[in-house]
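Note that the chains are named A, B, C and D in the order they appear, and that numbering of residues resets to 1 at the start of each chain.
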Amino acid sequence: MISFESDYIAGAHPKVLARLLETNMEPLSGYGMDKYCESAREKIRKACECPQAEVHFLVGGTQTNAIVISSMLKEYEGVVAAKTGHVSLHEAGAIEYTGHKVLEIEQENGKICAKALKAYLATFHGDENHEHMVFPGMVYISHPTEYGTLYSKKELRELAEICHEFEIPLYMDGARLGYGLVSRNTDVKLTDIARLCDVFYIGGTKVGAMCGEAVVFTKNNAPKQFMTIIKQKGALLAKGRVLGVQFNTLFTDNLYFEISRHAIDLAERLKEILLNKGYALYINSPTNQQFVIIEDARLKKLKETVAVSFWEKYDETHTVIRLATSWSTTEEDLKQLETVL
Amino acid sequence: MISFESDYIAGAHPKVLARLLETNMEPLSGYGMDKYCESAREKIRKACECPQAEVHFLVGGTQTNAIVISSMLKEYEGVVAAKTGHVSLHEAGAIEYTGHKVLEIEQENGKICAKALKAYLATFHGDENHEHMVFPGMVYISHPTEYGTLYSKKELRELAEICHEFEIPLYMDGARLGYGLVSRNTDVKLTDIARLCDVFYIGGTKVGAMCGEAVVFTKNNAPKQFMTIIKQKGALLAKGRVLGVQFNTLFTDNLYFEISRHAIDLAERLKEILLNKGYALYINSPTNQQFVIIEDARLKKLKETVAVSFWEKYDETHTVIRLATSWSTTEEDLKQLETVL
Amino acid sequence: MISFESDYIAGAHPKVLARLLETNMEPLSGYGMDKYCESAREKIRKACECPQAEVHFLVGGTQTNAIVISSMLKEYEGVVAAKTGHVSLHEAGAIEYTGHKVLEIEQENGKICAKALKAYLATFHGDENHEHMVFPGMVYISHPTEYGTLYSKKELRELAEICHEFEIPLYMDGARLGYGLVSRNTDVKLTDIARLCDVFYIGGTKVGAMCGEAVVFTKNNAPKQFMTIIKQKGALLAKGRVLGVQFNTLFTDNLYFEISRHAIDLAERLKEILLNKGYALYINSPTNQQFVIIEDARLKKLKETVAVSFWEKYDETHTVIRLATSWSTTEEDLKQLETVL
Amino acid sequence: MISFESDYIAGAHPKVLARLLETNMEPLSGYGMDKYCESAREKIRKACECPQAEVHFLVGGTQTNAIVISSMLKEYEGVVAAKTGHVSLHEAGAIEYTGHKVLEIEQENGKICAKALKAYLATFHGDENHEHMVFPGMVYISHPTEYGTLYSKKELRELAEICHEFEIPLYMDGARLGYGLVSRNTDVKLTDIARLCDVFYIGGTKVGAMCGEAVVFTKNNAPKQFMTIIKQKGALLAKGRVLGVQFNTLFTDNLYFEISRHAIDLAERLKEILLNKGYALYINSPTNQQFVIIEDARLKKLKETVAVSFWEKYDETHTVIRLATSWSTTEEDLKQLETVL
């Protein structure tokens, strides 16, 4: 049985785990006050070329989205997101649980288009009844998106300009950020993101860590008393070192980018294999997630030897499935896949 | 200046106010424990032909929606509603504030169609990732809808059957229920609603009361300790009598239906006048709200003498406006309107 | 049967009701945008000698407390209140429902003492773990308190100074404010309250209105988009006029104070009667609520002819009960009471 | 510098970490669906002698408390806890954030006494105004308590009986459960806890894991769709294996108990050393946390070589500090401490 089920099927990257082992018995203060957290913060600030950035470590993606969004919104505001956004669909209502509406707008291949965003915001403010409506108070995008697609630098800049015009922050969910940054079809660098977004997170769980996401506030805009807010939401890890050591390792010697590149290389090979085998791509993804339309009977058979993810029903007899590579995928996995497809 | 701005531009129906005056100095216990509340409950149970109904009085519509929906949903559930539903658009996120998502689905003229509802619910349960999603835990409809339209008895029955099949309650927002029940184009009676819906409310604010809505739980399904829940949400009126006396009066001698009929008669006349004057209806509403597409310059002029409601922009140069009649609209109002249109 | 059960056993003061009747058929815009609301706001600003005050009308006391407190606190803050405070004990957890803790501190006769408050705040900030604790973000007092007692001007000033020192607002719940302001044992005037408190509310429900409370923000400190916040909490009355007309009347020709004085005069008489009849006061209240310790058997008998409120058990065989006067209490009520005590 | 700052100053127990390393590259499904989670659940059920137990893994203690408490309470209920309880004081309002009040009652050495609990519950139900109050819907205890103390089996049984009588669940916070179970002064076994409590959690973070707590529902009473609830609260770990592998290891070959015993042995030694050196114990704790009253000047000096925890101010010139042992404390640590005390 080989698995392309997700990009979180393995534990931590061996180098990350090795550092956890090496530092394991050092006595350290809790709650992110240790030297590894501090060092990791500094390395991330450097990688972002954003010396004023405030960096906080959290455990998982949904948790990060809920805390960042709810703590940056005013109580009468909601967050604008693509209908297909992770916060819209696959977080079990975590954002609404914090009391805020996800204002879902149209998308294309998982991306919000600047024109639609601008029209939405303008319509809202032009509506004479808007005081009875949820105010759009932030824009959420994911990069890569849930469909593996990427914003171009131009698209990102346009979104940032609109947010700036309407005075609301732009937030990027970077659960798979590494895989986006090293894609062969992108002109967006980490420094661009740090410059254009008001807040974003660098995903660890899916890119080499056993758990952990690094939130970066780029504009001296971290919510006051953010640590207490994290505690209040049950998200303050007692052994903050676990996150600090991991991110410190991922941002040493370019590890985060190298392991991402490995996943992208294999994803491109995966795409070739799928196309060669006559599979129809649901979307042409430039990152580590590949989406395929497959006939249901064929899927049933495939699942006997390969773990894949159900994505959605395509039609009565077809299903969209996802195959993901990650830092842990091997050449051998691909070879085996090729034989059973 | 004449006003067709809304159906809540006047105070209370004179008979309702008279009864408030007559009973004003009687010492009564608070919080809905008085004899007028009890009498009103009994009259509503009778009008619904639903002796087991539990009836609670609340102050306003958004409040009622938020309390009914949040107290009937499990914490991991959301409420299915039309994209155009009042809870979706015009309650400033009151439902999300309670921690629950409004699961917006497609609509037609403000109505949810049975087929779309069924498809939505079936797709949800067929999705292998549905444990990561908000569970649909209730269906919300408004009758009349926000566009003045009405469900037929057949449509209502179909929705009820689907809800029954998926074991979730059907909730009807009856903010303007009176105007729906006496429409010339309906086969739905109050008793049908009490039979088909699991919970609904009879709107008072827009139909003769100065404030107040009567929630009716029809299936022995009122949330336990509902009075405490109402208190917790800041919605327990100290002088519950104010609501009791009003509903007791509205449900005496058919007052609720008679004053609704007056509004409908005038609404039909209003529609004729609008059509005669060459206005284009945005929708052909069988109830007390009429929606008209009007050229912006003409609207500007109209507003000098007539108060109307902005509804939405139709296109660059046109706006959809709403003109509403109510129990308080007079023949004289219509005559004056006719002269200035 | 005579009733001293509470100060909300009658409807509205006749003059208030008369004005509702007179204005009943005037077409007015909703949501507090009408001329009566505006006029009432202006009269309250004048009575407070606080021209910059922002005045908002809400329906009830628990609702007002929950909205004011939650919208002024930061998300990691709680509100400091006496253990006996209405928000602590008798609002069914309405404050916690908004996500904020009530930080209960010791009290004396319902009052917070400045020394205890200062010690609490100092201890909090001196605690090395305070980032893991709820931050005190507001001080809540009631005046009169739940036990009918009053702060002196000196006490109020001390509390205000402490709040100022710790940079948190002082909020006064004035559900029975009228009865406090005209007490024979007070040196606190409405203008003192407006000067010393950051926000407070003038109670209507218990002082002449059928419902309604007027929130006054005195320091240009009303939460941004407060109307939308009110809507989101289900508390925006469609017919805002109902509140506007009532407060406009109460603040015309000193009505609010005159009817309060009537209640206080009768409360002093009531106290005399109780003492003459040999009842033990639980507390010597200078306002309209009187608390009596009564033997249980005697209470049982008393209840056959007089409606009173259970307050708390005093010991195995005695109960503390409350008898309240209000604007609606009559000399005749007292005479009757005297005969049956 | 030696550290007795807390019981979470080191990473994971070496055996736990070794297993994480061994299993690191196995492809496994996420969200707790892997074989290690299943195996760990089974081992915990066995250790509890509770075959029907439902076991869920969460990341941290505050998170666990908030999710268990909020998902088991009805919306109008609060949780009864000692004033000194972790949920009362040191979780930054995490419980209130879920909308529920912590109903704080008197305690002795961190423990709730059965008599006080019974009196509280009886008083609540006897209060004629209790429908306006937060209903006590659960009892929260910690074992060991925040002061290191333990309930006896008799005390635990009494609490359980009261909970049973009032039909509310008894919940035990076992953040340091291991250290309690192997104390030299306890007659409470894990099987007693599983029998007497309706739900409890077995702490991992402080007892050998790098993170993780195991919630055990013992009476077929796990909230419906609990996994979705966990996701909604942002607490569903993508790589659930990290928790599964850890607990699977901790509950293999008695590891959890053995490492706890090590900590207790050293804690008893620590207590001796402290007493020999003339320190005054604040409380005589039978578990791994020791509380000492220390003169402030002496504390200042001590902190130069030993990391300890501030607990609370004792008086003007003294402070209560906490010294904790854990599985990671060494004999060497104690020796060094002895030399510097």
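Going forward, a contact is a pair of C-beta atoms (placed from the backbone, for glycine too) under 8 Å apart; a residue touches a chain by one contact, two chains touch by 3 or more.
The shown structure was predicted, so the numbers you read here are calculated from the model rather than taken from an experiment.
Looking at the partners of chain C and chain D together, the chains they share are A, B. Distances between chain centres, each the mean of the C-alpha atoms, put A farthest from chain C.
The chain pair with more C-beta contacts between its two chains, of A-C and A-D, is A-D. Work out the mean CA point of chain A and of chain D, and you get 33 Å between them. Remark: chain A and chain B have CA centroids separated by 41 Å (rounded to whole angstrom).
In whole angstrom, the spacing between the mean C-alpha positions of chain A and chain C is 49. For chain A, residues that reach two or more other chains under the stated contact definition are 76, 91-93, 97, 99, 131-133, 228-229, 231-232. Chain D contributes residues 76, 78, 89-93, 96-102, 104, 123, 126-129, 131-134, 310, 312-313 to its touches with chain C in the complex. Against chain A, the residues of chain D that register as touching in their complex are 1-3, 5-6, 8-12, 14, 17, 20-21, 23-30, 59-67, 91-94, 97, 205-206, 210-211, 228-229, 231-239, 241-242, 307, 328.
Of all the residues in chain D, the ones that touch chain B in their complex are 70-71, 74-76, 99, 131-133, 135, 224-225, 227-229, 231-232.
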